[in-house]
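Below, chain A partners chain B and then partners chain C, in two separate complexes.
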Partner chain A sequence: MSEATIPRRAFFHIAAAGAVATQIGCGRRPNTAGQRYEVATACESCPNKCSVIAVVEGGMIRKLNPNPRNPKSRGMLCARGNAGILQAYDPNRLKQPMIREGKRGEGKWRNASWEEAFDYAAGKLAAIKEKYGPQGVVWSSTESFAEIFFKNLGLAYGTPNIVRHPTLCLASVNLAYSMTFGTVPSFDLQNANYVIMAGANRFESFITPDTMDLIESTMNRKARLICLDPRFTVTAAKADTWFPIKPGTDMAFILAMLHVIIGEGRYDKAFLDTYSTGFDKLQAHVIQYTPEWAEKQTEIPASEIVRIAREFSDAAPRAVFYAGRRSSWYQNDFQMRRAQAILNAVVGNWDKQGGMVPNGKMPLGELLFLPWDDPQAPRVDELDKNFPLAAKGDGAYLKLRENVLAGTPYPVKGWMISKQDPFNALPDQSKTLRMMEQMDFIGVIDIQMSDTAWYADVVFPESTYLERTDPIEMLPGIWPAVVMRQQVIKPLHNTKPCLDIVQGLAKRLNLSQYFDYTIEQWNEAAAKEMPIEMPLEYLKKHGVYASPDPPRYGATLQPEHRFVTKSGKIELFSERLQEAGHDPLPVYHAPEQPPAGRFRLVLGRKAFFTHANNTTNPWLLDFQKENRLWMHPQSAKPTGIADGDLVEVTSSVGSVRLRVKVAEEIRPDCVHMLHGFGKRSPWLKRAGEGGADAAILETAWDRVSGNAALHETFVQVRKVGVPS
Partner chain B sequence: MKLFTAFLTAASILGAATANPKGNDAKGRFYYKQTCKTCHTKGAKGGEVTPMSKTQAQWKLYFVKAKHNSGTEALLKVMPEEQLRDVQTFLVNHAVDSPQPETCGK
Partner chain C sequence: MKNEGKRYALAIDSRKCINCKACVVACRAENHVPLGHSRNWINEEHRGSWPKLFASFEPEQCHHCANPSCVRVCPTGASYQRADGIVMINEDECIGCRYCIVACPYGARFFREDTGVVEKCTLCAHRVDRGEAPACVETCPSKARIFGDLFDENGPLQQVLSTREHRVSKPQTGNSPQIYYLF
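Entry: the complex of A and B
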């Protein structure tokens, strides 16, 4: 039996014998025969960074077990975490460097040595720098422990055009909470008595211990859960009340709640007097937003809005309007999240058990080196002009793509990409393809031949997370921890970790002085400031160090505490927003609605397919092999569409074909499909069937943060076939 | 006299830098960590100082005055002018009232 074809049953069977012996604090402990050992490491099947104990037997990873020492992941690995083992044993993964020979996207590749790949890529990057300046290359990546090395290579090269994944995911929620509280807090779901989830689908889309906390709270402690979602999701099914809210109107619901809570004097006056600024202006501002007005916007009865507002304020401070994780929905996303943040503030749930808690941190050292000169050119996305409040180091991806395509304010001819598949991560694949086609050079660091890698010039195969050691990292949170990802097995193929790839390129670009260290030296410097004896040894043995103190609440509830905002207070009214030309208080603008015969495309996630690359994992595909379009029977019937029919879904930018799931569980004015299906790369043969959302999503962004707005696309649906 | 001249030079140069501090934030962080933090940590001689110890305006004023060690020493004695400019940029950019949108990750 080859490594690649080992079925799940065999892995579990072999692992079961050893599972009893799997104890916390394993480190790397070969047994007497040297056959079996365990390594404490960290998962990378998503960005949650759960701690893992890998069980190795006869040189193969037999099973990944949870490491209960991590207070964030505790005794749990989700489905993706368990299936992560197949990243290493995927027969279709990248196994050696490759250089494109044919036309871009034609699929003609030649195997190359690392030296050749480095020389080739560095030559191209140097040529672009010579002709267009370092700003002629975009450097894009997704969050990971080793992202810092890749990003630093871009900075050392001299480009201002670093663009990161938050701008496709959670930039709007981060900015909204930062502008209000000066930080992005955690939500204490474990202790909350009343939770409102709008659009967030935690029971179905992302199963981690805090999901289990919420399930435990709602099921056992009878915490109340209110769900607002155009779809009847699993979260909706478990909620006390579900409102199929009209899409894009969440802010109207929140403003009306504020109207009730402030109008009826249900806010926490003492808290607001001490810690906030701008309450008077807020009070005057929300008078206009009555529940009756909000009913017309949201299609939620006014009496229910009043009920929820009263229940929410009664339950405070153990009441939260949950912020969610992915917040790339609408063009008003930032302002809607601001309204959420303000609602949370007025009931005084800040830094209280069961409320919103500022994240605790732990000290980490760093390896000091003299950095590079600042880039000379401005960012190509003109962030200062378009989104002056957005995180400078993250950029605004969609505006960046627009400007690169237009060649303004200057030409961009190179693209370095790490751990990211822009082809599927960005809306409107035809634009991404055009951006790739106009490049003189594209270099991709990945573990698989993603759709983006398929269009690259050079593909650098990265070792999977089970084959490499990464920088140790601190996970801020209600209960902070430091985690370590360390090599479990030696690389199975001719692959390298990110730092080695970066060093190979840096050497040829005369930038070695910025990368003159090993991963061990990096980690030693980082661990040095941890508050324990022999910290690195501890991490190697246990994989994680969590603060011995249980979570503390209320550290910021001192009248002299200064919030990291302009005024030093929680900013209900924001002068900084006003100065930047934005509404200083959230102002509602009704969203455009789909015309007759069209539907709003709403996205969502399943816990086993959070990211586009999960759909290539056979164990995860077992859960769902096909992407289907959800369509309400009222919408399907008039056009003769029946369950299982093949349909063509068309927007202004493209069309895809997939089969229909006729379902009552969605509003008639919406359709829904999952993310990550419909792959182009022939190497991703095992990916599930069904269309790619990125092919039909139109380009839109949040006006303040520049975050992608992925729920602004209207589509037509046409039947093209019947079930075979 | 020598000290006085040094102070004047520092004040004028750094004053000009305040109007348009073309320093390098990342390098400033490095010099700050390498030099300032040797004394300015909890329990050390200079007491803890971080960018968040002052507002942006206070940091700017500090670099206009350009005095160190409770006003007894010119800042230029601590590090050269170019490095001071970088440190000033770093401290002002990350002062307690500075705009610092939080990002996920680094």
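Entry: the complex of A and C
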């Protein structure tokens, strides 16, 4: 698609805003006339909600500084957080509602008023409801403060088909820890003395408070860091020991650690006797998993597995096997995370300083609004049948797509999407495209013309996080806090915050009675339970409220404490899993290996970008202008591939072209590419060059949680060009 | 003179640097540094071959030398040093001759085509004068940079320099650089 397909008026707007961007990005002496003021707010460059202080001069945001009052983010703001200014001043952002005129993806849009866009979308949604029932529309979104409004509109509309991001992210880790401990804990990296990170690349992929804590622990307190990763990442570079583990064999490593720790009597017997159930069965189960056996699976020497197991149990309870964030890897991912959870439990690091700590919370009030009826229809992804243990409200994204494409158990003809780019977030773009093509209506709420928005019918431009006030939110954690995102500058364009968009649609769908409140009322109701005077005023001034008391440990370590599991104890052996037809203890199955001439595609992230976002931000793109295919010299050489060559990477579902980075830093049986590149939308033409992983990833999911399994794709690599 | 009796400097713990570039973006935003140039950067070193690999990262910027060669060569006096040690450029007096760029042993200066003057790290003197830390120091997620007054015996900088081994980059130039890299 060429530039010529963008309507002339859109071009005019782009050009006009370009002048603003120049001023902010490059101006030597910015206009500093006018009032200077600061607003304490919350970042939205990633889902981590760090607190920031925005400095405004002459009506423009000059700088985003970290807000040290937040006990989590403290004095940090990462590259993305600093570059967030450009989100507001992006010349290519969505500036007013648009309705598609040509064919889907043809790029013929007309600018519309909000009334027109609401009327059009509500008309389509009403028609689908009339013909197919409310279950005929899928409502999908990714985590954000305002997601609740969007989700509630779907529920009030009556669809059971709310599908959120966890099954593209961390559903398997959440479910595994919940099934074991009844909750998903935090890892006290600030106080841990021994940390094992398997596949979690916390020094490179995602810069968050955990990153700060871990670097402080490892460098200043000499905590030991063990890294398992098929790539030599920044985390591997900073680790005391890095094992280039064979992909998909992490569970073998963990089970062998359990074999050593239990076999040598290094487990916390008193703790397990009091708080857990099923140790006898676990003990018998792991006898088979010797370090020598695990060496053959993982390619990590048995002696090293024994050493790590001993060091880990010696350091306990200040020792953690870190759970990881994006856990969408393999079809046995849930069971691998269960093995981790069990390993953590066995050394007794539960609710101890430097161990695994159940999240503290702070009270927030709730605004009362009219309840809607529960949906009549079952979910289209048939969650109860396919993933009965999975979180009910999140859905299973890939199974949902399969069923929508098959038209079973009923037709789905509408798709409402907020703050999500399924076209890049889901594996296998051709399937996502087919899902979109069979829809009668697609409505997208976004700040930019994402690839998904490009194929939509109506695009609702949301105000950026610097232009709107969101619902205040409590961040659970070892040190919980309440944070507020508030408007820093008035919207630069004809955009609205999520609640206003929801209300505009609700009015026309006769659902206004469920959304009869303002953001101020919502926030007042939420804040009133906070244990301080004038809580909302406090939040508006400081942006964050943290409990003045430092974290306390051990609240759950009372013999009478009931864990939220079937037995009320930590479940090493899970009867619920057994009843649901799954392994009650993690059983290792060796992963399929790529046949000769093929490579396993392993994904990863770089913290300049959040998922498929920020790749249009010039300040961030400056560090990484394209994604390249990492290939080990041993793999590249026989096929005549040299550094910089253009290659075609092909899987069973598609192919992409990108250039090669010949690198020692990856196992010869794998290739790697960064997510978020290779965009289709012409509005994102500033985005980096390269290929989209979603075009070649195959559809597979974890059997228990339904989480996408993104490391199960084997690819061929063919040279198609030389560096120009 | 402003800040008499102070000597600002930086200590950098490169082991803590994870090459996340937060400092580079914070500087770009704070000081309106145009793309294509940077006032601070991170030197990367990658060594070894599979599977014995090493990588290290070292943040760098103007060293605010005690004996700055850039100031000595400046024909107009545009480059000057404040009493507190911060090396500055008076943009109104800079004629863009770029002698200083050649004189700097660290490559910390660059010429801006759009303004016709030379630019570099000012240790965020405007922030420091307000009592704030430089933007790169404040934002750093891993707190690899420690900013302070060398004359303040109990300050954070002296505390770390008196307890940790450190070195400076290219001491042989005689510039007496004031970024202290911690071992």
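For this structure, a couple of remarks:
Rule of thumb we're sticking to: the second predicted complex is superposed on the first by the 690 of 724 C-alpha atoms of A that agree within 3 Å, B and C clash if a C-alpha of one lies under 4 Å from a C-alpha of the other, contacts with A are read in each partner's own complex, and residues count from 1 in each chain.
In this text, contacts are C-beta pairs under 8 Å (C-beta built on N, C-alpha and C of every residue); 3 or more make two chains touch, one makes a residue touch a chain.
Here the structure is a predicted model, which means the values were calculated and not measured.
Because the two structures share chain A, they can be overlaid on it, and in that overlay chain B and chain C fit beside each other without clashing.
Applying the stated contact rule after C-alpha superposition, one finds that A:232 touches chain C and leaves chain B untouched. Of the two partner chains placed by superposition, only chain B is touched by A:151; chain C is not.
In the superposition on chain A, contact is made by A:75 with chain C only, not with chain B.
Using the contact criterion defined above for the overlaid structures, shared-chain residue A:372 touches chain B, although it does not reach chain C. When the two structures are aligned on the shared chain, A:255 is found in touch with neither chain B nor chain C.
Contact with neither chain B nor chain C is seen for A:98 once the two complexes are overlaid on the shared chain. After overlaying the two complexes on the shared chain, residue contacts for A:64 are found with chain C alone; chain B is out of touch. Overlay on chain A (Cα): least separation between chain B and chain C is 24 Å. Residues of chain A that lie in the contact sets of both chain B and chain C are absent, per the superposition on chain A.
Those residues of chain B that touch chain A in the shared complex are 24-27, 29-30, 33-34, 52, 96-97, 99-106. Only residues 13, 15-16, 18-22, 24-26, 28-30, 32, 34-35, 46, 48-51, 53-56, 112, 114-115, 135, 138-143 of chain C touch chain A when the two sit together in their complex.
Put simply, chain A touches chain B in their complex at residues 47, 143, 147-148, 151, 155, 164, 166, 169-171, 174-175, 177-179, 182-184, 366, 368-374, 389-391, 393-394, 562, 564-566, 568, 576.
Chain A meets chain C in the complex at residues 25-30, 62-66, 75-79, 81-83, 85, 203-204, 207, 211-212, 215-216, 219-220, 232, 234, 236-238, 242, 244, 607-608, 618-620, 622-623, 632, 664-665, 668.
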